Structures are given as C-alpha cells and as structure tokens.
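Both complexes shown next keep chain A, but they swap its partner, so chain B is in the first and chain C is in the second.
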Partner chain A sequence: MEARSTSPIVEIIRFELEKIWSAPYVGLILMLLIIGGPTSSAPMLVEGSAFEVVLSSIGGFKILFLYLITILTFANSFGRDIEQDVLMGEFTLPVRKENIFVAKLLANLSLLLLMDLTVTLFSIWIITASISLASAASIVLVDVATLLLFIAITILMSMVLRSRFGAVIVSIAVYFFESILLDSIALAITTTNPPNLNPAYILLKLVFSGELTVFTWGIILIHIAFPLALLAFAYFFFKEVLQLD
Partner chain B sequence: MINPSKLHYTGIVLLMMGLGFSILTIMRGLPTYVNVIQVGLPGNSTFPLFMPSMWSPRNVRIAIYLSSGEIDLLIFDKPNFNAFMRSGDAIPLREFKGLRGEVINFEIPARGEYYMVAKNRGALTVDGEIVLTFWGFESDLTYLSIALLVLGVAFWIYGRFLKKGS
Partner chain C sequence: MIVVEELFKSFNKVKALKSLSIRVPNVISGLIGPNGAGKTTLIHVLTGLIKPDSGKVEVMGLEPWSQRYELMKKVGVLLERPVFPPNVSGMRYILHVVRVMGLLEKEAVETMRKVDLLNYAERRVSGYSAGMKVRLGLAKAIVGRPELVILDEPTANLDPSGRMQLLKLIKRMHREEGIGFLISSHVLPELQKVCSWVCLMHEGKAIEQDYVENLLDKYASTVCALRVSKPSELAATLRNLGLKVKIEYGTLYIKGDVATIRSEVARLISQTGSELISFHQLGRNLENVFIKALKDEKYGG
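Now for the complex of A and B:
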C-alpha cells in the first residue's frame, strides 16, 4: 500500500490537485454551475420530464460556464508548466512524459465530470423530485462529447503557442465561430422555423430518443472524431517533440 | 487525526456551494406562479383538475370563485391519487369541504407530485374558476442552503483554528 501511494502517477495527480484545484476555484465552479443550471430557469411547476427541461435549457449559462471552466482548467494545467518550462523537475520520482499527459488529462477531466454529475443530479432532483443516475450520466456523457473539442484545442494550443492566454483565446474564438456558423447554417436552411443546431441539443436528442439527422453525423465528426485525432496528435507532440526540463 | 488543511479546503467549498444554493433559492423563490383552472362540474360528480403535477415545497394560495353552488377540494400525493382513481378510497393530503368563494392558504410539505380533485355533491352544475398562486422560497432548498453555509463556516473556522494551533 505504501509503495502504491508514492507511485509517479499518484504524485502527478497530487501535484495537479494542489496546483489547479484550489478550494476557491472548486467552490467557484460549483457555485456557478449551481446558479447557471437548468433549475434556475425552470418553472416552479413542471409538466414534462427532466430531459425536456434540460433540452429547453440548452444554450443557457450552465453549458457556457462549463466550456469556460474547461478551457481555463486545461490551459492552466498544460499551459502553465509548458509556458514556464518546468515540468519534469517538479517530480521526485522518475516519470515518463506520456504518463504526465495522460494523468493530467484524466485527472482534470474526471474532476470536471464529477462536479458536472453532482450538479446534474441535483438539477434532476429539483425538477422531478427523484434522482435518476442514468439520465444524469447520459447528460454528462453529452457534456463530455461537446467539451472534447475545446479540451483538445486548448491542450494543443498550450503546447504549440507555449502560452496559456493564446490557448484560451483560440478556444473561445473556436466556440464563438462554431456558434455563429451553426446559427448561419440554421438560418440558411429556413428562416421561418430554423432548426436548433446546438451540438449539445443534437447529441442529447441522439442519446435520449435516438434521433439521427443529417446534422448529427457532422456534430459527431466535429465534436468527437476530430478532437480525438487532435488529442492523439497532442499526445505524440508532447511525447516526441516538446522539450521540457 | 483531522487534517486542518483538508478541513479548511472542505469549509471553503461548502461555503461557496451554500452561497450558490442561497442565490438559487432566491432566484426560484422570488417569482410567483399563478395557475387558473376553469371548472364546470355537473351535479354529483368528481373530477381531477388538470395542472402541472410537480409541485415544489412553497406556499399555495387557492382562491375559489364560483357562480353558484359549492365544491369540495381534495389534494392528493401520487400514491393516494392513484388509489383514489382506482377505488375512490384514499386519504387526501388536505381536504376542504363546502367551498363557495373562500381563499385557502397551505404549505406544500415536500417536493413531489400532487393532484387536485374537485367534488360537487350538489344536484346542480357548478361553474367558476380556481386560482392557485404558488409563492415563497422552497423550504428544502432554504434548509439545504443554511445547512451548507453553517457547515462551511464551521469547517473553515475550525480548520484555520487547527492550522494555527499546529
């Protein structure tokens, strides 16, 4: 047990938690997610299911907070060490670079998802007076799928630009560019009743009701396949190209 | 042995969560929700009133405006409503008899599904409307906010106290 607790991976995760996830930061994220969740805008009396309420709240504050928090977290996690050119020297045990990449990615993603799951469960309880883990897990799964693009861009830009600020700006620019592009496409199709092309909305429809439209494949390609390719590229860039002390 | 740093950390997180819940309680508690139900009950009949069934633990003001006659109003939770619809035999959460034009106030005990049933025991049709106004802060969210704030402050102060001591 003693040997396990001092393994390099555990040490990386401990460093990550101490550096990034300070108490005011965790508290602020939870506070913003609680305030910005679907419950803040949901009516007091609800006729539909939690899924319908969550669907109707897409595009609200919660998902925007989640995007922003994710971008800032990953920019801080990867960007700070790369920007200051310190990483390997922080660890007392010999550690491989690829392990650092995976541990950082999984530790930060798991914590974000844990907080998202907690707040989603709470929202479902407020709306339906019952806790449905399956519904909450599906909503969190959709959140992961939509966040993956921004995680991949932030990590890659942190390495390529060697700047946290640059990574954040590029990721936020991609978010707004995508929103404007999707709105333009929706309006180009029809101006009378434009379809909702929000990625979270389309993926939620796919997960909950199996609705597969022509746009679903595009969103899957942009938000799942493309980010996975970017992450793979970032992994090899981190492992093979990036020089860190 | 309690780790003062962890206690301090937990205190700050709980305190900020408590603040979040307090703001959410205020955001959800300030607006009132009004639901108007038109009734036209034939003589010697019982009908469920159609309205959203998910109620949060707030205060309800029920105002009844009838053109003639009187009605009984029964409020059920979900299991009792199902039993009432099946057999007509169930225990209502609240029962108001012989209403003509009264205003009733009551507090919803817990978050959940509730149903209203109107009963006309007279021979003639009763027409009118029932206006339900939901107001006030949701009690469960209020208690949760207070509990988190108190726990957060206690952990935070105790953590700092232990830190200084060590």
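Now for the complex of A and C:
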C-alpha cells in the first residue's frame, strides 16, 4: 500500500502554505504592506539618493508591520495555548517531530520572504520607476536577518511559556529594549550627528559596501549568531522536551 | 495489545496516574471513569504525547514516547478535541494525511466513503457539524489501516443519532477489518453496546479490568425481575422450590442463583402455560459494575 511520491516534509510545507494562504486576513495584510511600503518611503524621495530611498523602504511602517506579522505568524504556528490541539493532531501522524519543526519554520519563513519580496519590488518600482531585483533581494535578506532574532524568541517562548500571548509580549519587549539600547549608544557616541544604529541599516551597509565596524559585528552577533543558537535550542526543545497535555 | 505496568504521571502537584497497570487485548476495549480519572492522560501517554514519570508502557510492542513515529504507523488516534484547519476541505485534509503517510491517494476517497463523508468531501471543514468533524477525525485515524485505533471521548459532542452512527461504524470496522479499538468515555451504556473488554479507572488507578461479560457476571445483582401473564401462580411454584420471591405491581422479583432461576422459569412457564413478557437480571450493566467496583475499592469489598 505504500506509495510515497513526495516527502512528508514537502507535503507539510505545502499544506502549511495552503492553510496560511487560505486564511481570510492574508489579503488585508498584503494590502496594508503594499500601501504602507511606498508611503513610508515617499518623504525620502525629496532629498535622498537612490541608495537612501532603497534604505528608507526597509524602515518605517513596512518593517514594523512586517515585524508584527512575523511574531504573530510564528506565535500562531508554534504557540501552545489554543494551537496545542493543532500540534496534537500533527503529533498523532507518523511524522518525525524534527520534520514538523523544520516544515513549520520553512513554510512561515518562505511565505514572509515572498510577501516581503513582492512588497519591496513594488515599493522600489513606485519610488524609482524601475525594478531592481538585486536591491530588493538585498533588502529582503536584511529584513530576514533583522527579524531572525524575533522569530527565534517567538518560537522558543511559544513553547516554553505555553502561550502565544506570552511569546508575543516577550518578543515586543525585546524589540523595544533593543531600540532603546541602540538609541542610548547612538547618543553616547556623538551628540551632534548620531549615527543610524538601526540594525537593518547597519546590515544593509554591510551588504552594499562590506563595511565592517564594531557595530556591524555587534549586530551580526545579536541578530544572526544568537538567534541561530536560540533556534537550535528551540529545535531540541520541540524534539526532546515538549509534552502536549 | 497494550501493556502498562506501574505507570506514574504527575502535573506539578497533581498526580494524574498512580501506579496504573493494565493489559488491553486487541478487541473493542473501553476506558471507563468519571472526569479526572486519568483517562485522557493515559491516552496521551499511550500515544507518545506526554512522557510518563515512571513505569513501563508498550503499545503494539513499541514504547510510545521514544518510538512515537513508528507507533503512529500502527496506531490511529482521535483525540478529545480534534482541531482541523478550518479553511481547507475535508478531502484536502485527508489527502494531506495520506501524502504524509506515503499512501496511494485513492485511499483518501476510500476512507471518506467509509466514514460516510464522501458527499461532503469538498466542503470546507469550518462548515462541518460536530458529528462530521468527529467522523473526519475517525477518517484520519483509520486512513493508514492501523492495527489499533485509540479514541478519546469520541461521542462527547454528538447527538444521540450521531452517537449511534459512530458506534455502528466502529463495530463494522472491527468486524470487517479486524481493527482493535480503545475508546475512552464516561457514557457507560454506549460503551456496553460496543466493548468486549473494559478497564474502570478512578483517581489515576485501574480499579477493575476484564471482559465485559465477566464483569457483569461478577457484579450484577442476584435478583431477577420477571413479568408474566400469571404472576401469582408462578410465584407460588417458585416459592415451593425454595426461591425468595416478591411481587410488586405485577412484577416478580426472584432472588437466587441466576442460572437456576432462568432454567426453572423456562420450565415452569411451559408447564403452567403462562406467557413471558420480560425477564432481566437487575444491575447487569456497566453503571452498576462501576459503582460496586468503586465501593469495593473504597471499603475493601
């Protein structure tokens, strides 16, 4: 009777994407992102160079909105209060726990990437009247690097705190804590012209010019190395510790 | 076949399972007990969703927590509150299960037919009734043709006709495909209708376990209630045989060895030409078994 044509992990990713795509609020989110991206970038057009214009599209409304979508999506997928019953359903199928974890992570991440890429391309087209796939890909890459910390925190907190709400609150708290910390550093190092210490800005500078400073290393550590370690721990927790009662 | 020995499981200070030991045969079996007896915790342990604190657990020869993946190929599960993605159709959901299990896609159609959902296969799950959702959960549980299906309170949200339908389906699948079932419920009359074996649970322990007929024989009352067309004549004859007989509102209550009462009543009815309206042994039901077993447990018999 066995007739495997696709691997379980591919099927789970496909099904996760279908579930998210068929949710009634997806259209609204896309609409807000599409409108919000160019709108938040428009003021920069007056005085900025093309590079600054592209930079601006990663800041403001879009990144904040993307950040909120990200933590809500991942909290919803891994959260343990209401979604525990969903996880129970998945755990009662002959699928390895590690495959469920990876499939959920990849499905949600790829959907966010796709959404971000579409919106970024649209923003660039509106602002510069041309489409630059390389610039858009760079921005998406930076967005992911920036969001990775919050993705990892949300996933881990969803499981450890047994609450989607708790995971979202912790993630938001970390977001504000980081903003305050970076603003304080910016003020401390110069009073006349504080450098933009936005993690996305620093990482994008690295992507475009390969400029490595102490802040770049700090941001890489906090936004890439630390989240990867957290994700590894979350994976272990999901596979070996998580109990659904 | 399920083997559980000296199983303990606690949640913080609450001891959900206390030295539980059971051996469940691969028939239609029931887990009986009031809310809080530990039925759901036991099912979660048996399906590898939670890790026991101590004790031995074996389901179809596998240890659930460490061999959950292998176990789920042999065992189908329907949990107490099955949750399905609301925006996909019932058929798409079962197709997902089929693909994840690496089965032929025609299995999805066949399974939907078995649970009588084929006509609603393309409807979104959000539009399913409670009974249809339970049947969809059952479809998910049986789709890989498992050796055993574990059902946690499957009839809890169903109306009487939905319950009857589900119980019939379970009986049919056991008869036709030889699938063993373990059903947890606190609705005892319906379990009595389908189960051959039951375990009575109370406060995390198994207070009694055996085949239903054996338990009924053990705990049923020694009084039989009889309605016949000529009760006074029959009562007098039975008293002459040394049996204790009482008549209330035309019903004869006879106390004694049930087998003797049966044979004597059958003989006397044919002799006296009386007509038998009804005959039953009092307390021959699982509710009585549970109450008496619980009393024995509390007061040591």
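Rule of thumb we're sticking to: the second predicted complex is superposed on the first by the 198 of 245 C-alpha atoms of A that agree within 3 Å, B and C clash if a C-alpha of one lies under 4 Å from a C-alpha of the other, contacts with A are read in each partner's own complex, and residues count from 1 in each chain.
Here is the rule we use: contacts are C-beta pairs under 8 Å (C-beta built on N, C-alpha and C of every residue); 3 or more make two chains touch, one makes a residue touch a chain.
Everything numeric here is computed off the predicted structure, so don't read it as measured data.
**Student:** Now for A:L32: first (chain B), second (chain C), both, or neither, which partner does it touch?
**Tutor:** In the superposition, A:L32 contacts chain B only.
**Student:** Is A:Q243 touching the first partner chain B, the second partner chain C, both, or neither of them?
**Tutor:** After superposition on chain A, A:Q243 lies in contact with chain C alone.
**Student:** With both complexes superposed on chain A, which partner does A:R96 reach: first (chain B), second (chain C), both or neither?
**Tutor:** A:R96: touches chain C, not chain B.
**Student:** Which partner does A:K19 reach: the first (chain B), the second (chain C), both, or neither?
**Tutor:** Only chain C; A:K19 stays clear of chain B.
**Student:** Just which bits of chain A does chain B share with chain C as contact spots?
**Tutor:** 23-24
**Student:** Spell out the part of chain A that touches chain B in their complex, as residue ranges.
**Tutor:** Going through chain A, the ones touching chain B are 23-24, 26-28, 30-35, 37, 39-40, 43-47, 125-129.
**Student:** Which positions of chain A touch chain C when the two form their complex?
**Tutor:** It is residues 1-6, 8, 11-12, 15, 18-19, 22-24, 85-86, 88-89, 91-97, 243-245 of chain A that touch chain C.
**Student:** Tell me, which parts of chain B touch chain A in their complex?
**Tutor:** Contacts found on chain B: 8-13, 15-17, 19-21, 23-24, 27-28, 31, 33, 35, 51-56, 58, 110-113, 134, 141.
**Student:** Give every residue of chain C touching chain A within the complex, in rising order.
**Tutor:** Touching chain A: residues 11, 41, 44, 47-51, 68-70, 72-73, 77, 79, 81-85, 87-88, 92, 96-97, 99-104, 107, 140, 144-145 of chain C.
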